[in-house]
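Input: structures, listed below.
What follows is chain A paired twice: with chain B in the first complex and chain C in the second.
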Partner chain A sequence: MSAGGDSLAQRLRLNALLVAGGILLVGVVALAVLAGVLYPEDPFDMVGQPFRPPMSEDFPLGTDSLGRDIAAGIAHGARISLIIGIITALMSTLLGVLVGSIAGYYGGRIDTLLMRTTELFQTIPSFLFAIVVLAVLQPSIYTVIFAIVVVSWAPLARLVRGEVVSLRNREFVLGCVALGMSDLQIIIRQILPNALPSIVVAASVAVASSILFESGLSFLGLGDPNVMSWGLMIGMGRSVIRTAWWVAAVPGVAVLVTVLAINLLGDGLNEALNPRSASNFSGR
Partner chain B sequence: MTLARQRWIYIRRRLLQGVLTVFLIVTANFFLLHLAPGDPASVLAGEAGASNPEFIAQLRAQFGLDRPLYVQYLKYLWETATFDLGHSFRFGESNLKLIAGRLPATLLLMVSAVFLSVLVGSSLGLIAAIKRKTYIEVGILLVAVLAYAAPVFWAGLMFIVLFSIKLEWLPTSGMSTVGAGFTGIRYAFDVAQHLVLPAFTLSLFYIALYTRLMRTSVLENLSLNYVVTARSKGLPGRRIVLGHVLRNAVLPVLTMAAVQIGGMLGGSVVVESVFGWPGLGLLAYESLFSRDLNLLLGILFFGAILVAVANLAVDIAYAAIDPRVILK
Partner chain C sequence: MMSTSTATPSESVLEVRGLTTVFESPKSTVVAVNDVSFTVRKGETLAIVGESGSGKSVLAFSIMGLVAAPGRVTAGEILMSGRDLTKLDEEQFRAMRGRDLAIIFQEPSTSLNPLMTVGEQVREVIAEHQPHVLRAEAMKSVIERFRLVGIPAPEQRVHEYPHQLSGGMRQRVMIAMALACGPSLLLADEPTTALDVTVQAQVLNLIDDLKARLGMAVVLITHDLGVVADYADRVLVMYAGRIVEEFAAGQLADGASHPYTLALLNCRPDLAHGLTGVPLQEISGTVPPLDRLPKGCAFADRCERAQDVCRGSQPPMVDLGPGHRAACYFALSKAAEVLA
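After this line comes the complex of A and B, so read on.
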């Protein structure tokens, strides 16, 4: 991409990405926060006739096979999706930063050992592994979070390690070493702030992929059975797909919009923070 | 050191890594069973076999539950290593046979999905790059962004609604028409018809990914010196793109595709269960529902082997094609 002539167009595109993603995400977050106000009843409650199509009176998104309000399910499901997405992304990022910065900063044997371990975790068939973890332990929010974190911290650790290695021998870091700053202080106050842009972008991608991952698990019936979630709703709509396609379609659109919003924000952040990076993907 | 020797060292290291991953999975399986409430036999028997004391006794014997933990662990390792995966109470057959019987369907689905995603993804990416700043590019990128964010199983369900129920173009589920008794070419055609939707669904996410990757890659290559040289010697645009840029630009896509075989195995669990495609994923889904955990653990074990073998094959191919990777 040539500089100068393109910069205005690029900046506009960047703004469009951030604004579109931001608006969508604010909408989803507002829905999650206001779910209790908008739909105070339990989303598992039967509130109307079954199989009302979307746009029908009282039920803008229709009702499912048990007469539950789909709109209420969407609002309450937004909570669990966002909570799981954000918590797992935070935990994976923390773990990734911990492992990656130790490996990258100290190098040598520690680096080899930690990176070999990371590679092992990356070659685990992640979804199958998560299924087994949840089938053996009982599904609850905690076990779902545990299962997702176990299979998603590794790429973040590799990313952080790469960043730390490239910063490790820069003059400002060597200067701090010469001044006698402790390793911990150098990592936390000097190196990590410089690696922050890439970490933030990767963490946003992790939020989106955790939400997709969680929806897949609860679709298979491996989510917390007492919590209304989008994946669970799609799973329940599956058996009535011939007669009432919207029961499965609507919650899927909710997942799609949320993941899309986060991806757009992530792309926008990436272009804003790492303008020279060629690719927007940290890989999965 | 000679290149051949370095190549051998590299491949041996990756082989060891694959073995370690499988070992890690088996170990995790064992300790997960002990972490769960109740003893592993009652966990494994689950709701399905809880009422059957014979089955629980058989499981207790299989695990040697009266022995110390490390003996149990070694026994479990040994049994898994010798592919003694136990017996499925629910299916009334050995787990190994069940898994082996489902393997071909999964392989067919995955291989089709890999080909489809690389082919469609790199074509769309190439078109988006050469039609830069037109509506064609915008359209392709829009579709890619949507496909990248859609949950696979949901996309599969929507395809069923559209192509099978509304339009009645393609079958909704299974691998072949039940009771049709086709043979030869007709059977192959029948299976191919059943394969279209699952393979396309499984590859959707990867098509989106490779489209974007390919577009970036083509754009990068177009600004390199060899393209300028080709242009200055008067080569027509079409020949530059198809003869030179395409080959170089597709490399990152191939690398990515190789890395993602493991992820695709996970996707095939949901896709197979949506489409009733009789592979390992559907078997995992069925064993999940009947709480046949021992079978599920066996499937994970086989999945890990499958991924390790696929990775190794890719590594060997790479080491043969591009010696630079082994020197890293």
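After this line comes the complex of A and C, so read on.
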């Protein structure tokens, strides 16, 4: 038992991608958690002169066209980005696991029906689809989450279905059927734990893409107007980008760093958890 | 469980009548199991032998109700404890699997979930069929089962994962799992094919020993005639989905009379061949494709005795003595051959 645990810990520790991604992400999470302490005021408040450049007194990241502190906006925006990223990734993973495991396990007509439905969602360009959903609904943090889940569950469902189909025909699963275990028991206890590595990796990538989605939607003014978010800040900086580049650039870098961190983490997890990835063969 | 089976005559545990399993696709229809009938009696080992593709595994899967689409059982009855398994709904069948009949597979390395301790996997089977049994109680009976199948230090082994066990140990875990709820019939689908020769004997001896101790019947599917001679009471020979001969295992050496059985016996490698330089016999030709079976005997094209009548119609099953039947127009016993 200890041998297995050690090697997993070792593999995780030695993985440079995982470490780099982890450190960056811890920074972003710390910023989000400490936002209320560091910047207790509403980030929409005017606190100084407009268009103060970065590194100026009191405002390390400068101020925007209405004299709002960009650093406060970044800190509070980190919250909303992470919350939306994590909640949407969780929800679309849950939906994907539900649809994918039912389709993959039962096969036949159920599979055809569910997968054709999934493909229907995949064929519509996802960003446009999200815009349409939000245009119909009132933009709020809940409808943004709903729109992103609607457009991002389909690839997860297909991934889970593929894993379940391949595990469904493995002998130990057949053995459980032969020993009279119920379908639910087999899916939850036997199949899904074996599919977990791929699901975890895909879910981590889904967090990153959800953050990008949210930023994009806020940039277009389809986000919740009462919540400070990075996309909203970039959108507001767009018109002044020639005179005050930092108003748009700073939140842009924040999005870049966060998404990069999560993708690094996802790649690192993939390498550590996926037995088929090349770098693991040396260790076995 | 045994006492309830008053409806079944003469202590038969399983009775298969006219079982036919078909795999259908838009292009062709493959008859993998063709009008198969046989009986398994309490406490006996029935061996089913045949080449790859003769339908023996599909037969086992049909009995377990595990044939996956596009395959399905199209005709016949599978009678067990007075019930026809082919008429059960999925829920009723599920309750019987593991409790009344169980199966062990060829490959012990893929037959266990790599992410669960072996003890936990066996415990789940008990929990599924006896939900009222407490967890600690069930774990105790798992350890008991491990001891029964000869796993040393079962208290520690139950906490190990499949990759920590050898092939033979894994097959023992599979057997413990199959026996967890005391089935009256155990189907063993080539249980030793993937194991070392030395471990093979251990596992087969174990199955034989458990059969006697637990009073269950065993259906042993194999292509190894040596195994048949040592462990089986009766033998069914399958060819192209049909039973071609049935006889007592004791008659294996000189009592078989179907040309296919005789050809199979001639193919057995033994040390004498290697020492004397006599080349090993083979059966010329191949099994006919199961979607285009000939009208007559499927073995006719490979058979030395074949005549026009063999190609014209399916030879009927004829009785050749007590417990001995064969489907061949020219199924002559050795004695008859000498007289002629």
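By our rule, the second predicted complex is superposed on the first by the 261 of 284 C-alpha atoms of A that agree within 3 Å, B and C clash if a C-alpha of one lies under 4 Å from a C-alpha of the other, contacts with A are read in each partner's own complex, and residues count from 1 in each chain.
Assume a contact is a pair of C-beta atoms (placed from the backbone, for glycine too) under 8 Å apart; a residue touches a chain by one contact, two chains touch by 3 or more.
As the structure is a prediction and not an experimental result, all values here were calculated from the model.
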item: Clash or fit, chain B versus chain C on superposed chain A; value: fit
item: Partner chain in contact with A:Gly36 - chain B first, chain C second, else both or neither; value: neither
item: Partner chain in contact with A:Leu260 - chain B first, chain C second, else both or neither; value: first
item: Chain A residues touched by each partner, larger count belonging to chain B or chain C; value: B
item: Which superposed partner A:Gly231 touches (first chain B, second chain C, both, neither); value: first
item: For chain A as apex, the angle formed with chain B and chain C - C-alpha centres, to the nearest 10 degrees; value: 100
item: Partner chain in contact with A:Gly175 - chain B first, chain C second, else both or neither; value: second
item: Partner chain in contact with A:Pro53 - chain B first, chain C second, else both or neither; value: neither
item: Overlay on shared chain A, then closest C-alpha pair between chain B and chain C (Å); value: 9
item: Contacts on chain A seen with chain B and repeated with chain C across the two complexes; value: 1
item: Chain A partner contacts - residues on chain C that touch it in the complex; value: 64, 66, 69, 94-99, 102-103, 105, 107, 110-116, 124-125, 128-129, 159-161, 174, 177-178, 180
item: Touch list for chain A against partner chain C, complex; value: 1, 4, 107-108, 170-172, 174-182, 185, 189-190, 193-194
item: In the complex, chain A residues that touch chain B; value: 1, 116, 119-120, 122-129, 131-133, 135-137, 208, 212, 215-216, 219-222, 231, 234, 237-238, 241-242, 245, 248-249, 251-252, 255-257, 259-260, 263-264, 278-281, 283-284
item: Interfacial residue positions of chain B with respect to chain A in the complex; value: 17-18, 20-21, 24-25, 28-29, 32-33, 35-36, 43, 145-146, 148-155, 157-158, 160-161, 165, 209, 212-213, 216, 219-220, 256, 259-260, 262-263, 265-267, 269-270, 273-274, 284-285, 288-289, 291, 293, 296-297, 299-300, 303-304, 306-308, 311
